[in-house]
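What follows are several structures.
Shared between the two complexes below is chain A, which pairs with chain B and chain C, respectively.
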Partner chain A sequence: MRVGIVGVGWFGFQPEVVDYSFREMMFKAAQRAYEDAGGLDPRSEVDAFVSCQEDFWEGISIADEFAPDPVGGAMKSVYTVTGDGLQCVGQAYMMIRSGLFDVVVVESHGKPSDVETLNEVIFTATDPISLRPLGLENVHALAALEARAYMSKFGVAEDHLEAVVEKAHKAGVKNQRAVYASPGKSRSATPVVAEPLREADVAKFVDAAVVVVLASERVAKRYNDTPVWVDGVWWSTEFSSLEFHDWAFPLHAREAADGAYTQAKIADPYKEVDFAEVDNRYSFKELQHIEALRLAPRGTAKDLLADGAFCPGGRLPVNLSGGALAEGVPFEVHGLARLSYAVGVMRGEVKAEVDKAETAVVHSWRGIPTTTSVAAVLRI
Partner chain B sequence: MRRIKHFPEVMEIEAYIYTAGPVGTKWLEALRAGRLTAARCPKCGRLFMPPKMFCPYDFEEVKELREVEPVGVVETYTVVERDFYGEPLRERKVLAFIKFPGVEGGLIHYVKTDNPQMGMRVRPRWRAERRGLVTDIEYFEEV
Partner chain C sequence: MTNRNLNFKHRVAVVGAGLTLFRSRMLETPQELAWLAAKQALDEAGLTLKDIDCVVIGSAPDAFDGVHMKGEYLAEGAGGIHKPTIRVFVGGATGVFVPIAAWWHVASGLCKRVLAVAEEKMSHAAKPHTQYVFRYIWDPVVEKPLNPNLIWIFAMEMHRYMHKCGVKKEDIALVSVKNKRNACGHPSAQLCMPNITVDDVLKSEVLVWPVQLLDISPTSDGAAAVVLASEEEARRITDTPVWIKGIGWTLDTTHWTNRDLAYPEYVRRAAEMAYRMAGIDNPRKQIDVAEPYDPFDYKELHHMEGLGLAKKCEAPILTREGVTQRDGDLPINPSGGLLGVGNPIAAAGLMKVAEIFWQVRGEAGERQVKKPVYTGLAQAWGDLMQAGTVIVMGI
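Up next is the complex of A and B:
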């Protein structure tokens, strides 16, 4: 039984959505997703809802209780996952594959602009015994530790980061929701934040909500003539203390990708994947994730990027959307942002420079200080 | 007139007690005594830091801590110049991940140096008054 994406809706992707609360953002994104799914009625046609969120992002303890009604799920079967939106797609995939559910709605929302002490809230995610007493003034420093470890081990230079930043902004300017895209942005002209990272290497935050409707193969065509199939979705977390994770390479992304490829029966991703949307919330992460997803051997993404392989129109375009560097990071919505953009490209709704758009891999990482990645293989 | 659009609130998270656990407590007590220790897994024999009462590699229960020679190696580092909100720090800070020979894991901590290098050997600078926190090490300094 295949699992298909039959509706996608998004709202926001603005630095600050002033007039709508997170609940109304969920509502607007859901309205659009249900319309996209042929006018589906969530009150009568949806078997279950899955919402990805995190209490501290909301400033609400037990934020799960706020999940049902903004997406039409009150008094229905609602599940909440404290993780990236793509992990919700994983839940929906399993539920539909079990044969117990035919239509499952996945939702994620993030309103970083509501969080006035974002550094401190993110830092609260680190180990309270071994790290918190240090009181980091900039949590991006943890990413900088990974950046240096990776760059040193694989000979990545700052010029290579410049190329990632340039590509993201150039691609993003063609993406209608990439509010931070700024073609011609010069990385070297931005200040150093935490060596080797400059301001331009670090994605900004953005307010957004995305809702996705998934359906079993049995009923998918009722809602959409051209479902995009989820043929694999997998996720992985390393250790709960950063001290034990691999600083130079994201093994969590490698594990997630390998799981998804196995499900989708992909043996050689570089040859079989047409394009990819991966996490690039830090410029060096795009190179790491390309390698973790086996779209380039370890340490070679920088060279293939320089050859144009991952650029729009290249051999295997990566982040035609510009990714998080151009769109921003909407907390746990990030994976669904990558997925919804890929669906738009595969359906032909988004005019993107890609030769073939039949098989895509989408990936999300939950950002520092996590070691969690999710990957999904999509086919049309 | 300003429109009423939102409700400002302060999250009540300022007071919270994190339990260190039986092995974590011993580790913090050792720090207070000016000693660096690592947990030893009785199954795989690995030493690891920061310690928990379970081995992260094979799920074995851990009861023993062993003293570690307090000389570490900088595996990776960053020089932090700005805070999260983009404001320059009054003083640049070197943050590093420090490994100890023969020990899995390590410590993320500050290093006091004008010339940070990967592979540089460092040792803890202990505070005179210690409270049983990782910050009983004020910073690491070059050996």
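Up next is the complex of A and C:
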């Protein structure tokens, strides 16, 4: 049984949403998604709701208590996944394929502007015995170590990172959600965050909420004439202990992508995928993830990028939205941000420079210090 | 819901279960606890980690273990490395929700063998007491400034139930006595009290009236795990798979102040969902043994009524008449429940699922109930008196 995306709604994508609480942001995004799904009534037409959030991001213990009301799910089947929004899509995909559910709503929200001590909160995700005693004052240092390992192993230079940053900001200008897009910004002029990463290499945080409505093939056409089909979605965790994971290559992204491609029966992603939205919360991550998603052989993403293959209008455009570098990272919403942009392109609602938009792969990584990736294959 | 297709392509069975000790302070790390339970469940199923396709983790607030993104951290202990691993969360109701989420991992046809692990280490939490974590579960604008305590609101619920149903403290204390005695047959139990009496409960320290010390479950560290498999795999693994026949869960509104505190409507709806899937129309007759969530003694009664195992206000009467004893007509919490075995939040819920698994297989040892067991039920409860999760299992 195929699973289709029949409604998408988003709200925010501003550095600081001051007028709305996180619950009001959820409500707004949900309202837009239900309207997009042909005015679907969440009280009578939805079988289950999945919310993707983390307690420490919210500043509330057992934050899932607050999931039901804003999305219309009170007294219905609602639960939380502490993961990226795309993992929630994965759960909805499984739920619908099981045959027990027809319509499942996926929600995620993030309000980083509410968090005063982001560095400390992120660092609390490291192992309390082996890593936390180091008292890292700058968590980006962990990403910088990965960057060093990757760059030295595959001969990537800072110029290549510059190209990624430049592409992201150029593409972001055409994306109405990309508040951080600033073309012409010189990477080398920004201060160093942690060698070799400069400020321009690190995506900033942004407040946002995204809601997605998924439906089984049987009922999808009731809500939308042009459902975007989820033909595969898979996720993988590499190693919880950072010290044991592969510093130079994101194996988790490779495993997640391979799972999704197998489900979608894609043998050669470079030929069969029309465009991709991947995680680029650090500039070097875009190159890594392109390779992990088999859109380029290992170590060659930098060269193909230089040839323009991944640019808008190129052979296989990657991050037509500008990705996290241009849009920002809204915590666990990130995967849904990538997905909702891809859906817009595929439906033709977003005018993007892409030859064909029939098959897309979207990917998200959960950020430092995790080793978890999710990938989904979309078709229209 | 109206369009639900009840002819599932893939049936799902539980084929192994494991538990650590439940204790107030364990020396193992959360990862180690998770692995102890996972290994035991794998051993019981005769499998190794290599045989597992997907992992589902359950754990209640991150603040207990003191780790942000606790699911990522636990992935290693739960055997989720280089595998699709996910953590689900519905507050205290998480324990029973873990096998529910694992159910659709298998039922979707995407995973064949799934390891479901629940872990909680409450002794890590803020000092002076674990309750401190619960100061941050409230609405940050309206409720948090009042600094409510979790036991306060449950005291309100208990009071309301006692008032509406005319139940005496003595009747409610019978639940505590039954469960703490039952726990003596459980190798993991934290609070086995073979000689406890109603008088002991009534004389114990008052926490928030009417809740007294022996009305409430302890804080605990512990982990539990079960292995789920598709029909084809299950038949290969064991001669006695225990089938998951029904799943259901409901979340009520966040605004607990507007709720009917005397009757858990959300549990009723969750149970209805599970019963519809399992083809149960008379739970009182068709359920042979049940493990409703009992973090407080009155909650067992409350939940029996929500689950339709007793009529409204009838549960205290059934308890007084001995119907809910291990040798009774409807054994309730033969494991000893949270009151006896202990309450490492998520692990406690999964412990109940493991108990039903062993009861249905006839492997519960001295805890085995007298009547033959064909169908059993486990239920958990959580969030702001808001979440109900139900699973029905049988042969």
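A few points about this structure:
In this text, the second predicted complex is superposed on the first by the 380 of 380 C-alpha atoms of A that agree within 3 Å, B and C clash if a C-alpha of one lies under 4 Å from a C-alpha of the other, contacts with A are read in each partner's own complex, and residues count from 1 in each chain.
Definition applied: contacts are C-beta pairs under 8 Å (C-beta built on N, C-alpha and C of every residue); 3 or more make two chains touch, one makes a residue touch a chain.
Quick caveat, the model's predicted, so the values are computed rather than measured.
By the touch criterion defined above, A:124 lies against chain B and chain C together after alignment on the C-alpha atoms of chain A. Contact with chain C, but none with chain B, is seen for A:74 once the two complexes are overlaid on the shared chain. Once the two complexes are overlaid on the shared chain, A:239 sits against chain B and chain C alike.
By the touch criterion defined above, A:65 reaches chain C but does not reach chain B.
In the superposition on chain A, contact of A:189 is made with neither chain B nor chain C. In the superposition on chain A, A:267 makes contact with neither chain B nor chain C.
Within the superposed three-chain model, A:259 lies in touch with chain C and out of touch with chain B [touch as defined at top].
Counting the residues of chain A touched by each of chain B and chain C gives the higher count for C. Of the two partner chains placed around the shared chain by superposition, chain C is the only one that A:54 touches, whereas chain B remains out of contact. Residues common to the contacts of chain A with chain B and with chain C across the two structures: 56, 59, 124, 127-129, 239, 241.
Within the complex formed with chain B, the chain A residues making contact are 18-19, 56, 59, 114, 118-119, 124, 127-134, 136-142, 144-149, 152, 191-197, 199, 239, 241-244, 247-248. Chain contact summary for the complex, chain C toward chain A: residues 1, 3-5, 7-10, 29, 31, 60-63, 66-76, 80-91, 97, 101, 103-105, 107-110, 133-134, 136-137, 139-141, 247-255, 265-266, 269, 273, 277, 382-384, 386. Residue ranges on chain A touching chain C, taken from their complex, read 21, 47, 54-56, 59-62, 64-69, 73-83, 87, 90-91, 93-95, 97-102, 121-122, 124-125, 127-129, 218-219, 234-241, 251, 255-256, 259, 263, 366, 370-372. Of all residues in chain B, those touching chain A in their complex are 5-6, 9, 11, 13, 18, 20, 24, 28, 48-50, 52, 56, 75-86, 89, 93, 95-97, 104-110, 118, 133-135.
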